[in-house]
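To start, I am sharing the structure in question, which I have written as structure tokens.
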Amino acid sequence: MATTTNEREFPITTAQLARWYDIVRESPPVVFGIKWLKRFLFSEYFILYLTIIYFLIMTERIQVLDTPLNLTNVLANAWPLLAIAIGQTFVLLTAGIDLSQTSVMAITSVVGAALMTTNVDPLKFQNSILWGNIVTEEGGLLAGHQYAVELAILAMLGIGLFIGFLNGMAIARFRMPPFMVTLVSMTFFSALAIYLTQSNNIRGLPEDFIKLGEGDIISIYVGEQVRQISRRDVLSFVTYPLLIAAGLGIVAHVVLSRTVFGRHVYAVGTNARAAEVSGVPTKRTIILVYMFSGFCAAVAGIIYSGRLQAGRPTLGENLLLDVVGATVIGGTSLFGGKGKVLWTFFGVLFFVLLSNTLNLLKLSAFEIDIVKGSIILLAALIDVTRTRLLARES
Amino acid sequence: MKGNARKLVVLAVLTVMLVLSAGVPYYTGQEAAAQDDITICFAFQDLETEFWVAGHRAITETLRDMDIEVIEVNGNQDANRQYEQVIDCIAQGVDGIILIPQDGESAVTIVGEANDNDVPIAVFNRPPSDDNPNDAIVVVADNEIITQQAVEYMAEQAQLQFEETGDKLQPLILVGDLGDPNAVGRRQGFYNVIEANPDLFEDPIEVATEWDAATALANFEAAMVANPEVNFIFTSSDFLYPTIRSVLEPMDKWVPVGEEGHVILGGLDGDATACMLMLEGYVDATGVQDLFYEAEITMDALLAAIEDENYWPNEIIPDPGFALTQGNIEEREMDMWGCVLYDEGFLDE
Amino acid sequence: MSDTILEFQSTSKAFFGVYALQDVTLNVERGHILGLIGENGAGKSTLMNIIGGVIRADGGQVLLNGEPYRPRTPSEATQAGVAFIHQELNLFTNLSIAENIFIDRFPRRRWLPLLDMATMRAQTQQLLDSIGLDLSPTTLIERLSPGERQMVEIVKALSIDADLIIFDEPTTSLTARETEHLFEIIERLRAAGKTMIYISHILEDVMQLADDIAVLRDGELVGAGPRSEFDISRMISLMVGRNIEQLFPARETAPTDDVLLEVRGISQSGIVEDINFRLHAGEVLGVFGLMGSGRTELARIVFGLDEHEAGHVMVRNTNNHRLSARRSIRNQIAFVTENRREEGLLMNIPIADNIALVSLPRFANLVTQFVNRDTLVQTANEYKALLQIKCGDIQTQPVKSLSGGNQQKVVVAKWLMTEPSIFIMDEPTRGIDVGAKYEIYSIINDLAAQGTGVLFISSELDELVGMCDRILVMSQGEVRGQFDQTEFDQEAILRSAFREENGA
């Protein structure tokens, strides 16, 4: 491979992957015949394999794709998306959908920032209803407070839970369709976020908060020894978003696969009526699932706000396709009852890698959306076919 | 059935592979480019208004003329997407970045990211918000000065009219959303001229528009009904000319320069509509951001920084702009970006 | 002179490594009616699904009119002249009879994209007349009774001019009159020279209709021949592989006087009216009623799934103010619903998880709520063994791949695991075979012997009379009669069930 001379790459991973790639490429097609293809298709890790293959193919075409700096970028983009997609996974498992996640991000971003900010432009904010109570010339309500960041984060998570609770109540208690309920709350809370800030961004966030969006805990340098390491060669390795998203992911995985609640989520998504007869607390399960979805969206809101160093009323406006797309590509069914947190992680990886390569290929935003849309459609097609084939094989 | 399904899967997988591999042209990356070649990442937020279309073109053409490789990325009005695109650019090893940010706040964050990675960055036309602690070349139009230039020419015309009639003129300004520093600067420029000529002007009438055509129409119509004597109008943005026309025309006040009943009219931006109205003689003067100058000065400053290996250039370059007036339209028409668009038939589309 | 229309040669099919059909060799004679019988899971449906193009055989071959026959889709089967009248009817209830019949080949007005409604109606009318069905082609399916829908399915089969018509449990949801009518039609079809395969659990019907009989057990053909070689008891012993002395197992214990469940004045307008009864420990209380009599609705109310306006339910002399499924489960009530597909099972989920669904909290750590999977699977396996559920690995095999009888056993296992003291069973033997029925009956007896009270709801009077200590008769939402075991008289019970309906 052309890039093996590049000294900036990760020695183990790339070399290993390259070897696999060569094996696959140089083997006669017979070896990887139907049997192999079947195993590949029916594997739980199908989308992970696809991601790796895609990566290997694109590495040849995009020189910078496997550079450490780019890989850290890909991962940095994955964490917040993973956080929000985990919540969506739970909702999809109950055969619902949560379109309001992006508006939860926006509203939590704005409210959290308004509470913490130390820098407010009176000209911009004097028309806001927050002016004079939550936001004043001195900054937000919590500005300068010892636990400003902690309290603001609690408030943000609380709002996420609360919006999820409203969604869940409307869906479980009043039996309104999830699509409608969350579409309305998406519109409502997006508009509310813009109204609260009069469409302005809020800066002046505390350093401790910004750190959550991009801060490194461990940085690494890959390359030969030189006296002075250029700053752009110092790479993030372990970051706060990683810890947050991975922590959330592990907890979500354990809850889903090991606890009574997790089994109930699958039961409700597979057959709500049978679940109800069997004493599954279907309403409570649905409400909790939407609350968790709101919580995850708030977590993503925290990471994105820290990363962009501002509270933004338009945060995540275009993210919905990415969230649902990544989750569905991972293999979680839109009809409920089928899906895993791990799958969603693979889906997110694939999706982020896809976006990254499209950026590197210099495609326009519109072309990127067209390609993304097609890929999601294709993934859905493959998924349907796999499921059908699986059913026949058994 | 089984055979069909299998064929379908194989077909689908093959399609994916084909689309992903063969469909994508080989991309000879930046690293292949020789050391002395310069690559610049141009990140803009969208191309949905004519001003940004013109700005985008001014920059890309300038760069192309200099034989510089450009990586263009369009954030499509999404700050997070733009952020990710810029760090992807940095990963590609670009030598410099030109940024038209989504807003002042995200500009600060992106500039900080470029600083951290030792890539010089220039912010074009929309400055980072006031508290920017990071280093960037910032090229920004000086709204106050540009407005002043346009209104000064209008005041000269007013002076001529005053000498003819002996009546003071009644000025009116359509102000923008005062949460926007641009609107504040433009209003200030207007008042600077009016207050310098107390003998010439009555107290001005202010019409709030909130940068919204419907609001502007309602408020402007009311103001004109209440004060039909208004004969000197300045609009803080050119996009309101159609609104102004729709109110003045029924009042027989939409008259070209030099004819009886002409209202002295001016604005700011320099878009294609303004150019057309200037050429038709309805508008006296329009303040123009000198986009072509801005593009060039941005390039120069950024290339100088790259040359000097100055990773954190920090300067603010104001664009004084100029006023295109009925007096100088002959010579300077093509310096105004709106006229370039107009000339290319932009309004016919 | 008889010739063979359909020939199975060593046909086999396995699911999850378990043979559903093994080496079946069988001929179907042209113009004959073949009665196909066997317990649920014996392979009848598998065999028919192979002919119908729903699934494909793993081994052996099938000949149709002497030609190899391997339909890959149901429509290929249709084209080959095979019509399949399913147990679950495949009709679009929002469309008319005519539209349903022509759904896959609407007549056009020449090249125009318009339907030729007149032709459609005329042809449908002709078909309806041919089997003596007095319905208009434009009637919507949703307005038809289950029996009439069945007839429409038959008309559909006739409309494609099928040579071979398969009936899969056609009388399950039919009234006696409708069944009679169906048999008349079948006789007409026989007279017209059609070949038919008739699958049923009702052995008397098979005896009445079939020319030849084939018996499947555990995927193998255990007996085949002309009707004259069979009688009911031989059929049963072939099906179950042993002799059944009686249809209902005997119970050795008697009910006690302890009241477990007392229903007082339960009413819900338009559904049930002032229902009162008591269920004692060790008692099997039957509830007899026809469809729409309110029997299922009553069970749902008592279990807390549906609302009621008046009255209350006492469990072990404690009043329950608000009923809910969860509360009922805490009160050790179990409820086998009438419809296992829609309300009983999570079809795509493995057997073990289905069995453990209600008892999940039992396997969970109190604090962490973590489920102990090993204990869960182990316990589920014990119940699998207890109920003799025929399946592969209960951790991976989804319930939907089981036969109807085994699915029902999974539902029963799920509730047995909660160790209930009150067991409500709504049509627990519907659509399952003689052997599985017998097993369910034995479970009911065992439960009663352990002191559990069983509320046994059924529309099959035979089994109630055979199993119960007392029978309540419901009609139009009311209890119309109560019979103690000593007074059981089928005619009297039926009369009280029909009494008002005939007058109304």
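Note that the chains are named A, B and C in the order they appear, and that numbering of residues resets to 1 at the start of each chain.
Here is the rule we use: contacts are C-beta pairs under 8 Å (C-beta built on N, C-alpha and C of every residue); 3 or more make two chains touch, one makes a residue touch a chain.
Values in this document were obtained by computation on a predicted structure and should not be read as measured data.
Engineer: Would you mind checking which pair of chains has the most C-beta pairs in contact?
Structural biologist: Chains A-B share more contact pairs than any other pair.
Engineer: Central chain, going by Cα centroids?
Structural biologist: Minimum centroid-to-centroid distance belongs to A.
Engineer: Among all chains, whose Cα centre is located farthest from the one for subunit A?
Structural biologist: C
Engineer: List the centre-to-centre spacing of subunit B and subunit C in whole Å, with centres computed as mean CA coordinates.
Structural biologist: So the centre of subunit B lies 74 Å away from the centre of subunit C.
Engineer: Averaged over CA atoms, how far is the centre of subunit A from the centre of subunit B? Could you give it in whole Å?
Structural biologist: Computed from C-alpha means, the inter-chain centre distance equals 35 Å.
Engineer: Roughly how far is subunit A from subunit C, centre to centre by C-alpha average, rounded to an integer in Å?
Structural biologist: 46
Engineer: Give me the residue numbers in subunit C that touch at least two other chains, ranges are fine.
Structural biologist: Nothing qualifies.
Engineer: Any chance you could list the residues of subunit B touching two or more other chains?
Structural biologist: In subunit B, the residues touching two or more other chains are 1-2.
Engineer: Would you pull the subunit B residues touching subunit A in the complex into a rising list?
Structural biologist: That would be residues 1-2, 5-6, 8-10, 12-13, 15-17, 19-21, 24-32, 46, 71-81, 83-85, 87-88, 90-93, 103-106, 108-109, 112, 116-119, 129-131, 178-179, 184 of subunit B.
Engineer: Please give the residue numbers of subunit A that touch subunit C in the complex, ascending.
Structural biologist: For subunit A paired with subunit C, touching residues are 254, 258-264, 266-267, 270-271, 273-281, 337-338, 394.
Engineer: Please name which positions on subunit A make contact with subunit B in the complex.
Structural biologist: Those in contact with subunit B are residues 6, 34, 37, 41, 50, 53-54, 57-58, 61-64, 67, 69-70, 73, 76-77, 119, 121, 123-124, 127, 198, 200-204, 230-232, 304, 307-310, 312, 314-319, 355-356, 359-362, 364-366, 374, 378, 381-382, 385-386, 388-389, 392.
Engineer: Which residues of subunit C touch subunit A in the complex?
Structural biologist: 15-16, 303, 305, 325-326, 328-329, 335, 337, 342-349, 353, 357-358, 360-361, 364, 368-371, 373, 401, 414
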